[in-house]
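Each chain carries a letter (A, B and C) given by its place in the written order, and its residues are counted from 1.
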Amino acid sequence: MGEARMGHGERVTARPSRLAESWRSLKVAAWLGWQIESNWTDPFLFAVYSVVKPVAGALILVFMYLVVARGGLANPLFPYIFVGNAFYIYVNGVLLGVSWAVIDDREHYGMLKYLYAAPLNICTYLVGRGVAQTAIATVATAITLLFGVGALGIKIPPGGVDWGLLAGALVLGLAALAFLGLLLGGATLLTARHNYFVGQGVAGALYLLSGVVFPLDVLPQGLRWVGKSLPVTYWLEAVRRALLGDGGNEALRALPTGTVVLILALSTVVLAVASVLFFRWAERIAHRRGLLDMQTMH
Amino acid sequence: MGAREFSIETQDLTRVFRVKRREARGQTREVVALDRATLAVERGELFGVLGPNGAGKTTLIKILATLLSPTAGTARVAGVDVVENPWEVRRHIGMVSGGESSGYGLLTVEENLWMFSQFYGMRSGEAKKRIRELLEVVGLADRAKTKIYHLSTGMRQKMNFARGFLTDPEVLFLDEPTIGLDVQTARTLRTFTRGWIDDHPDRTILLTTHYMYEADELCDRVAIIDQGRVLACDAPAALKRGLQGEAVFRLTVDGDRDLGPLLGRVDGVQRFAHAARDGHTELDLILADENALVPVLTAIQGAGARLLSLEKREPTLEDVFLRLVGRSLTEVSEGGGEPPR
Amino acid sequence: MAVNLRAETLTFLRTAWGRAYPRVVGMQREKSWMLFDVFLPLLQVAAYVYIYRAIGAPPEFTGFVVLGGAMTAYWMNILWSMASQLYWEKETGNLELFIIAPTSRMAILLGMAVGGIFATTIRALGVLLAGILVFRVPMAPTSVPALIGVFLLTLVALYGMGMLMASLFLLWGRQAWHIANLFQEPVFLVSGFYFPVRALGFLVALGASIVPITLGLDAMRQLLYPQMMEGFRFLPVGVELGALAVLGVGFLFFAHRALRFFENLARREGRLTLRGQ
């Protein structure tokens, strides 16, 4: 933090630029998030924990196919569904990581009010708190994909992967999820702690609406349109096209890949603006009603 | 007159914590929080435990309230061994911790208190009547229907206070009950505490504090504790009388000076503490007798310091602590020595 | 000392009601649970319904999913409001007040359970109702009393398990939260929340039966969809009922013992009041 000297020997602290403040908030939150996520146990148990949870989620799907689907895992739909499910781990991780931080800091550590009293950018702070979960989700997604390729016979030849598209889609998708997490963080500022955390709940809704585990075409017309307006849908479509060469959604097949990425980028921008506006609005309400240090555990 | 009845007795009570060493993975070091503490508190007493932060006061209360096992020694509350029969001890005790935030934020003040009363098996009607009375006494009646997450720290502490007294416990532990409270609230709670014990001679209160004034004003007897050890135990007046043969002075000299090495060499200086205040240095001195003052003043003058004020004081518990420990309570508690009077 | 049984019983009941009260009242005070605990989970259940539709499963499989979705509410309640609850109580300063109160810990846990069951049942009913109305899930139980019996026994065993977990978690700090988190999805998998558990193989299903929902779900599915379950039956309903009863008694017994054991251990190690871990 810089210092400036005024007349009469009075010293004042020069306020850092907004960008520097935001970056510092992100960094410290990412560090804190990692400490909270990782240091509760020894590294081995932490590694097992980080992997078992998402892989179990992926296996539910495998068994649903084994029980019912004609052809079982050889069903042509299966690779699309499996890849969608693997990348969905990010949705849960990021949304939960960012929105849960509000409850954790408010009701567990009692820190939220102090964060508001500190020269922090609370938005980047909350996004930073989700970084640890994102890192864990990256490992879990990679392991799930390796499991799919190694044990379930899903074909993702490295030479056939469009790595550029994958990287671009990942960056845009994670940005969209971070902003969605922020939006949920705003909602959490105004609501109590429940069994189902808002992050999980909305992730569940996206599971339905974004064509994660079945093609959008299966949804009723109304829900299909909701799905088509969500960035997560285009993110998964782009990721599938990058890995498998096809998105698996009949409803989006007519769109060229460039258009899919463009829609993803534009919808992320719209989401970003909406999230920040909503979060600031929720903040004002929380300040007005004195909700920054409420305790709702019961 | 029969044998004295002790509500609380401890014998060589010791608690050692094993703390992980950050610098050496997997290794631990031992921290002695309570070191062979022996105390006996009579029924009807308001007994104070005075000591700086980290002296072992809360550890003592946790052991007596059956929340923590001692590493060695024995403790009995209401005649029952806290290790052998914690279940029976709990029928006789209540506890209030300063700065705690217990209760459920979504419930109102009276609902929270009612919930705790049910854990003690109180009849609902009786509990509600008592809650109304207690809220009136602690000045929280107008907040009875307020959800507790809307309460200020002081109001929350008042509610916790009411909770402690709600079940009319035989032995009540008050752990730093006025910490962080404003002057008025602290005074209200202290007055209520003293009144309650005066009205209930069959009850006992053990109060821990690092506020010298609070211990002096409230307590029938006080144990002074530091680094887990009980250093003295008597009525505040008796403890202060122990310094009667000595002379207690407070001096203020100009500038922020370290006069420690200098005063340590002056004959007749038993103990001293110094603190910087408003750009000056305040010295608390315990001298063997008044004759030792002249060499002290000479030494100060020789060091180039200018004397701003000189006051001969009646001894306080602060001086007793200084005499016993060699440091002032204020110094050790880092700014926490002055109570909200 | 003569034990006043009547007074003890009254204190037990008052404690249970006292602890259930915040949960019952909390529902009315914070109505956002309807969104978080009913509507959003329903969408996740709907996703599983559409998976089955996408792969052309018979309509009974929609019933499997809706039933599993309804029971998910209870499993979440066990994890987040029973097992890890004492960790939260410790962090917020309530645990020490529970411990020094001259009342049964089981009564406090029972209060949490009763309050939780009340709230969770509303959520489960919401999922079931929506399943029946929106997805036209067929429901034709072969025996309503048996169905109710299985459901109630499942709840007793499940909440007994929750009490046991709560006592184990008494010792832990932040680990409790993570362990609860770890149990979430794997149990969805091994207990067959979204498909008949027999698909995992007999031995895995047997191992998973330690979680009472495994047996409860299988029995309820057998009673609701006897024909479809013919190929997927894990154990006969009667055996599952008996096993649930044994689990219920066992869990309650061990929870009682474990509470005392772990409370003493935590007191010795100074972990009962250790916060901010």
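A few points about this structure:
We adopt the following convention: a residue touches a chain if its C-beta (ideal position, glycine included) is under 8 Å from a C-beta of that chain, and two chains touch if they have at least 3 such contacts.
Nothing here was measured: the structure is a model prediction, and the numbers come from that model.
The greatest centre-to-centre gap from chain B, using C-alpha centroids, is found for A. With A-C and B-C as the two chain pairs, more C-beta contacts join A-C. The geometric centre of chain A is 49 Å away from that of chain B, both derived from CA atoms. If you average the CA atoms of chain A and of chain C, the two centres end up 28 Å from each other. Between chain B and chain C, the centres computed from C-alpha atoms are 45 Å apart. Counting only residues that touch two or more partner chains, chain A has 192, 295-298. Counting partner chains per residue, chain C shows two or more touched chains at residues 22, 25-26, 29-30, 92.
Annotation for chain B: residues 101, 104, 106-107 touch two or more other chains. The touching residues of chain C, counted against chain A in their complex, run 22-23, 25-26, 29-30, 32-33, 35-37, 39-41, 43-44, 46-48, 50-57, 61, 73, 76-77, 80-81, 88, 91-92, 115, 120, 173-175, 178, 181-182, 184-186, 188-190, 193-196, 199-200, 232, 276-277. Interface of chain B with chain A (complex): residues 101, 104-107, 148-150.
Of all residues in chain B, those touching chain C in their complex are 15, 17, 62, 65-69, 86-88, 90-91, 93-95, 97, 100-104, 106-107, 111, 114-122, 124, 147, 163. For chain C in complex with chain B, the touching residues are 1, 7, 10-11, 14-15, 17-19, 21-22, 25-26, 29-30, 92-94, 96-103, 108, 264, 267-268, 270, 272-273. Those residues of chain A whose C-beta lies close enough to touch chain B in the complex are 110, 192, 290, 293-298.
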